[in-house]
Amino acid sequence: MDRVKSLASAILRDWMLLLGLLLLATVFFMAATAPFFFPQPPDTMMGPPLQWPGQYPGAPLGTDGLGRNILAGLFYGAQISLLVGFASVTVAMVFGILVGAFAGYYGGWIDNLLMRVTELFQTIPQFMLAIVVVAVLGPSIQVIIFSLAVVSWPAIARLVRGEFMVLREKAYVQGCIVVGMSDRRIIFTQILPNAMSGVTVMSTIMIATAILMESALSFLGFGDPNVTTWGTMIGMGKNNLRDAWYIMTIPGIALLLTALALNLVGDGLNDYLNPRLRSQRGQ
Amino acid sequence: MANPILQVENLQICVRKKPGVLILRGVSFHVNAGETLAIVGESGCGKSMTSLAIMGLLPDAVEKLSGTIRFKGRELPIADNRAMRKVRAAEIGMVFQEPMAALDPLYPVGKQVLEVIEEHEKLPREMAWARVIDLLTKVDLPNPETLAWSYPHKLSGGQLQRVVIAMALACNPDVLIADEPTTALDVTVQAQIMRLLKRLQRDTGVAIVLITHNLGLVAHTADRVMVMYAGNKAEEAPTRDLFLSPRHPYTRGLLDATPNPERASAQGGVLREIPGTVPSIADPMSGCRFAPRCGNASELCRARFPEPTIEGAHGYACHHPGTDARV
Amino acid sequence: MSNTLLRIDDLHVSFRVGKTMIHPVRGISLHLDRGETLALVGESGCGKTTLARTILGLQAPSSGRIAYDGNDIAGLDRFGLKRFRPHIQCVFQDPFSSLNPRKRVEQLIREPLDIHQIGERSTRLKRAHEMMERVGLPTDWGRRFPHEFSGGQRQRIGIARALVMQPDLLICDEPVSALDVSIQAQIINLLWELKRDMGLSYLFISHDLMLVETFADRVAMMYQGEIVEIGPARQVWSNPQHEFTRRMIDAIPVPDVTRPPPPAFRIDAK
């Protein structure tokens, strides 16, 4: 309960964190209420094409070249962005934490082996790797999530490994060995909770990256053709860039604000979770 | 009375913007030219904060609430960092507990001593460098010409502390503040460092403020002792008086709690402890801050803070001072 | 049941730090009797902490024998050691890093019982609370986290955690060197009482000969990986045999103004 309270007061003190959370809450709200406000799927033609924002009452943010409602696209696109962002980073976290924890805790040849594999993934440019995975396995939401997880886990693994290498030398870990605790228990119940603050911060920022990469994939035509995402909307709008720039700009701003929100939350959490700042408050 | 070179009057330091949370609760003392004053106390008593205040190095989280610090009769501008840079090293030198933290790992130690000299005096390079070598010789470092070009990580803890002492004394200050200078060192090295400080004091006449928790060091190196507790001065006396007839119960408790093999048999193999812990600085208690841990505490002690009593060179702040000699 | 609890024969420990091989323990033999306090005194880097880590199974020996109650435990793997864990426990030096900051105090003290499945699940918490009381911590502080305690109180938590399984041997690695004098006395007295009441044996590692002299039965002086002198505490203090012991005693400032300063403090000494 105390932690909830202190988190709440940290949020209220830090207006950047508050702003990030509010923006993020808006995106969640859009994703959750999309079917409620727009019972029609976002790819149905709602009215005349190329209506500027405010011009046509059925579509307050205008329509695109095929007469689709841009506002509806934003709401449904939020669903995809959040799904892809959170799901891919969750998968990446599970895998990255496992690899990093074992490498950092055991060291030696286990560390060597796991880290060489991790580096192998890191040497390939992230976006290229994601495109290759999607190109090979075919464009679907599941494949996109998988491809983004594949490019995200090495960074988490390296971070977790670093934390584990520091923490395993702490006297309290030695104490756990002395009372006879198993390695698995030490890794997951003793060290991992203390290593999580950095991972949490990193993962919020990685969600933003994943969302941007998904849009980029969709923009280039590697997206799931059955769903409307912010990236496909931007991609569709590029043909009308001269006469109807709002088609690209509006989902672009949505993307920008979402990425900004996640970064603000990440920074705010960093200040809150940073162990050094924490211990200062503790005294 | 001897000539006080450093005089601290009613120094109060509080947490920034919280005048109710006092770290130093009005401390006054003086240091005479050429003497060694030991400031003794446990963590949280304010001894290190006192030394940082004198150097104008108070951390950002705290501020001076009131009081004056006079050096040779004029007040030190401790809040003015630029003005204090002229005072540091040139007039008041300082030695820290962790010599490694006081030195820059990227420069040879001789350069760092040189830098101190050049900061304060306009000297030709060769003369300044000759002075560096001279200083390193004076602090008993072997092969000073070669050693001056070594990087800090190549030296042992004791050697590093000697370099720091050389830096502190480079501009012939009148006062040297040594904040736990030997706490991080082995006992044999500690003896060497203390002997060095005493010898340098004899040769240069520098006054030393020795901040320590080690009563053994105090017994053999200090002329006078000030005991601090929870931000207050508990007792101040010439070293011999303090050890033989301590008046404040905290001083007595501290002396009794210190292991002493020569007295072990009398204690039956167990140390005499002071029960409880130091009160929090935020605790607004009005009486004596030692009262909760004191065996002689009365209603008076809990209600009112004891005014300092002065008996010649011996001062203490206690309603019920001990009178019997301690043997 | 023999009277010797711990016997170490010709123990060597060496390991690699970066590219260099170091050899911190060079052929140590000693024994510790039941109910005895043996202090191991030396300066930093003499190998005393490595020796403690080796006895605790945190460091593998390169050769030699460590016999606990007649059983050789040197070089046992984690699994083999588990059987001996409840018997040999340890208190660490740094009260700030030796407790997991995210566990509540009662959890910390209970944990060893859970691991070794000692007692019924329901009685373990009660055991933990009894232990808290025994070391002088109010039981209603059990829900707090370590950072809410002072250094001395944390050291009490560490002692409670070490003793909750009722070990025979407690290895204390500089348990009071990070504490203030008045708190140091409290912890030393607590350890002394616990030893009396629970029939413990201590291997007490310290750099402070003056401190251990007041309560240890025997003192072993360690220098550069070897034990250079071992004997009854009083005797080591008043009649040191080895050059290293003499040098150390000559440098120790006894807090007593009626005696002359120790030889190493005299300005003209060389």
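To keep things simple, chains are lettered A, B and C as they appear, and every chain counts its residues starting from 1.
The working rule: a contact is a pair of C-beta atoms (placed from the backbone, for glycine too) under 8 Å apart; a residue touches a chain by one contact, two chains touch by 3 or more.
Please read these numbers as outputs of a predicted model, since none were measured by experiment.
Undergrad: Is the chain-to-chain touch network here best called a line, a ring, a star, complete, or other?
TA: Drawn as a graph, the chains make an open path, so a line.
Undergrad: Which chain has its C-alpha centre farthest away from the C-alpha centre of subunit C?
TA: In terms of C-alpha centroids, the chain at the greatest distance from subunit C is A.
Undergrad: Rounded to the nearest whole Å, what is the centre-to-centre distance of subunit A and subunit C, using the mean of the C-alpha atoms as each centre?
TA: It comes to 48 Å between the two C-alpha centres.
Undergrad: Using mean CA coordinates as chain centres, what's the gap between subunit B and subunit C in Å?
TA: 31
Undergrad: State, to the nearest whole Å, the distance from the C-alpha centre of subunit A to the C-alpha centre of subunit B.
TA: That pair's centroid distance is 53 Å.
Undergrad: With touch defined as at the start, can you tell me which subunit A residues reach subunit C in the complex?
TA: Of all residues in subunit A, those touching subunit C are 170-172, 174-183, 185, 190, 193-194, 279, 282.
Undergrad: Quick one: in the complex, what on subunit C touches subunit A?
TA: 53, 56-58, 78, 81-82, 85-86, 88-90, 92-94, 97-102, 111-112, 115-116, 147-148, 158, 161, 165
Undergrad: Hey, which residues of subunit B end up touching subunit C in the complex?
TA: Residues 42-43, 186-188, 190-192, 194-195, 198-199, 202, 213-221, 239-240, 243-244, 253-255, 257-264, 267, 269-275, 277.
Undergrad: What residues of subunit C sit close enough to touch subunit B in their complex?
TA: 43-44, 150-153, 180-186, 188-189, 192, 207-211, 213-215, 237, 247-248, 250-259, 261-262, 264-267, 269
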